[in-house]
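Note that the chains take the letters A, B, C, D, E and F in the order they are written out, and that residue 1 is the start of every chain.
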Amino acid sequence: MKLAVFVSDYRNTVDTLERLDVEDLGIVFVQNGVNHAAVKENGEPSPLLQKKARLYALSEDLQTRGFTEADVDGRVKVIDMGELVDIIFNDYEKLAWL
Amino acid sequence: MADVKLAFIVQRPPYKSENPKLAITHAIAYQVVEILLEEGETVTPTLCFVGDGVLACIKDQKAMDNYGITSTETHLKNALLVDLNVLVCKEDLERFGISEERIIDAEEMGAEVKIQAVPFAEIQKTMESANHVLFF
Amino acid sequence: MGTLTIGCFSSFIGSMNLDFAFKLASAAADKGHKVNIWFSGNATTVTKKGQKHLKDYSHGETPLRELIEKGVEVCTCEACNLARGIQKPDAVEGVQWNAMQWYLAKIYGSDRVLHIGGE
Amino acid sequence: MGTLTIGCFSSFIGSMNLDFAFKLASAAADKGHKVNIWFSGNATTVTKKGQKHLKDYSHGETPLRELIEKGVEVCTCEACNLARGIQKPDAVEGVQWNAMQWYLAKIYGSDRVLHIGGE
Amino acid sequence: MKLAVFVSDYRNTVDTLERLDVEDLGIVFVQNGVNHAAVKENGEPSPLLQKKARLYALSEDLQTRGFTEADVDGRVKVIDMGELVDIIFNDYEKLAWL
Amino acid sequence: MADVKLAFIVQRPPYKSENPKLAITHAIAYQVVEILLEEGETVTPTLCFVGDGVLACIKDQKAMDNYGITSTETHLKNALLVDLNVLVCKEDLERFGISEERIIDAEEMGAEVKIQAVPFAEIQKTMESANHVLFF
C-alpha cells in the first residue's frame, strides 16, 4: 500500500504508525508535527525519523514555530503547500491523518 | 458501477472527543448514500477499533443516565442493526483484559451481525483492500 | 487533474487544523484539482457568518468564501450545526447543509481523501 | 461555605469537559457554595442560544440557564465570541460578557479555582 | 502544598505530574482519566496508582464508560460529584487540571 | 487589601490549541483587573513555561506571514512590555537544545524585563507560593 501519513502533533497518543506495515510510506510533518523534524531531545532526533519512509515537513509550519531549514534534520525534505498537493496526487494512493 | 471500500479506524477512546461516535454515524450513513449516487454505485465501510479505541466496545455505558447523551454503545448497536462490518483488534482487547462477554452486541434487538474480534493483521488487510482510510 | 475530498472534524480556532485544510484546499484548487470539504462535529462552527476578523484568532469566514468562489464544494453537517445553535440563515452563503452521506458520496468520486479527525 | 471559580477553555461538545464543569458547578451550588464560571476560547460557543437538544450531543443551553437560576455567575469572553460570529443578542440571557480581567477578579475572591484548560 | 490534580485523559502528553513535588497530593480521575483506575494493560495497573497520593475516581464517569466499582483498583476511592465538592473545599488548597 | 499570587503553567506547545496564547493574554489582564477590585487589591501572575510549553519561547515565529494570525511571540512580547514575570524551565530548554539567544525578548520595543531561564525547582516554588495554580 502507498500511504502518506500526516503527523500533526509532537506527542502522539496513538501507536498506529508503529504497527502499520506499509511498503511505500511517506510521513508528512505538519503543524506541531514539524517539531519531530526540527527539535532534538537530549541530542536525539525523533524516533519517527528512523522509519523506513520518505519524510517531509511543511515549510509554512516550520516558519510559524520559529524554525528555519537549518534546524531540520537532513533526512527530512522541506516542502511547501503546493508541493504537498503534488505529493498527495502523484506519490501516494491513501492518506492518513493520525 | 462499482463499490468503494472504506476503512474507518477508531484509535482513540470515546468521550474525549466526538471522534469515535462520528466514526460510527458516518459509517452508518452508507445505508442512505445511494440517493446521492448513480444506480449500482455503493460505498462499503468497515469500522475497526484499535488501540485505546477498543474501549468504545465495552457494554453497559451509562452516558444517558449520567450526562443525558446517547452512549457510544447505542451508536454501535445501531451500526450492528444495519449490518455494518465492525472489527475490534484482538491483541488490544487482550492487552486491556477485556473479555468477549463485555463486548457490546445487539442480539436482543435482532441484529444479525456481531462485533468481530480479529487479529491486527486482519485490520491491516482491511486498510490495504480499502480505497481510502479514515482515521478517527 | 484529480479530486480531493477533505473531512474536517476539529474545532475552529486554536488547533490550526482548519487553517491547514483551507490552505491545502486552496493550493489544490489553484493547481486545477477539484476539491470538496466536509465539516462535522466541532468544525461546523466555522460556517457561522459574521465572524469578526481579529488578528489574534484564526478566521474562517473569508477563506471559506474564497474557496467557494474558486469552485470548492463545501458542506456542513446540519445536525451538528443545529446542536450548536447555528441555523441555516446564520451560515456563510454557498455552504451546503446536508448529512454524513454527502461526505461518503463525495469520497466515492474522489481520487484522494484526507480525513482530518477531531482533537 | 466557600467560593469556587471554574475556568472553561475546551470546545463545547465532545470532550465532556463542559458537561463535567456544569455538573460540578451544580453540585457545589446545591451545597451552598458560591460558584463562578468563565468561558474562554472554544468554550465560548456554549453560550450561543437556540441550541437544538439532540440526544446525540452534549447540550449546554439548559444546564447554563439552570446554573444562572441557581445564582451561579457566568461570564464569557466577548472577543472570543465575536471572532466566532456570536454577538451578544445571540447569547443565552444572563450570561455576562466581559474580558479576561473578569476571571482574574473572580479568582481574587475565590477559595478554590479549577482552571480546565483547552484540548 | 496541598494539591488535588485532576487527570481527565488516559494518555497524557505532559509530564508535569511526574515532576511535581507535592507533600499532600490527591489525584482525581475524571472523564477518560478513570481508565487509569479501571483498566490494566498487560495485567499491569496504571503507574499513576503507585504515586504517593490519595486516589479518587468519579463514579459517574466510570459508569458512563461501562465500568463498575468491581473494575476499580482497590487503592482508588470511588466518589460522586457531591463528594468531590467536599474534597475540593475540605482537603486541598490548590487544584490543577492537567 | 491584599495581593493574590497566581502561577500560570504552560505545559503544551503553541499552535495546537489556544492554550499558550490564552495563558499569556489572561496573565496580561492583571494590568486592568484593578477596575473590578477594591483599592489596594491586586493580582500578580507569574507565567511559567515547562515541558513542551518552552517551545512557545522560540523567536521569529512567522504566524502572521503564514496564517494571518498574531504569533505567540507577539503575545509574549506584550507580556514583557507590561512587566510580567515570565519564567522558562532551564532543564527543558537544555533538553531541547534551545540556546538563550533563540529566546524571545522585547528589548527593541523597550521592555525592561526578560524571560528568565530558571531551574524547575524555582517554578515549583512559584507554584507553592501561589494562591492558585492554572495549568494550560
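Methods note: contacts are C-beta pairs under 8 Å (C-beta built on N, C-alpha and C of every residue); 3 or more make two chains touch, one makes a residue touch a chain.
Just so you know, these numbers come straight off a predicted model, no measurement behind them.
By the document's definition of touch, common neighbours of subunit D and subunit F comprise C, E.
Chains that touch both subunit A and subunit B: C, E. Averaging Cα atoms per chain gives one point for each, and the point farthest from that of subunit A is the centre of D. When each chain is reduced to the average of its Cα atoms, F sits farthest from subunit B. Chain pairs A-E and E-F differ in how many C-beta pairs they share in contact, with the greater number at E-F.
Subunit A and subunit C have centres, each the mean of its CA atoms, that are 24 Å apart. In terms of their C-alpha centroids, the spacing between subunit B and subunit E amounts to 29 Å.
Looking at subunit E, one finds that residues 9, 11, 13, 31, 60-61, 94-95, 97 touch two or more other chains. Residues of subunit F in contact with at least two other chains: 15-19, 25, 52, 67, 132-133, 135.
Taken residue by residue, subunit C touches two or more other chains at 13-16, 23, 41-42, 56-57, 59, 112-113, 115, 117-119, whereas all remaining positions touch fewer.
According to the touch criterion at the top of this document, the contacting chain pairs are A-B, A-C, A-E, A-F, B-C, B-D, B-E, C-D, C-F, D-E, D-F, E-F. Across the complex, subunit C is touched by residues 6, 8, 30-31, 60-61, 81-82, 84-86, 88-89, 92-97 of subunit A.
Within the complex formed with subunit D, the residues of subunit F that make contact are 4, 6, 17-19, 22, 25-26, 28-30, 32-33, 35-37, 41, 43, 45, 132-136. Interface residues of subunit D, counted against subunit B in their complex, comprise 13-16, 19, 23, 55-59, 119. In the complex of the two chains, the subunit D residues touching subunit E come out as 2, 4, 15-17, 20, 23-24, 27-28, 30-31, 33, 111-117. Interface residues of subunit A facing subunit E in the complex, by the touch rule stated above, are 9, 11, 13.
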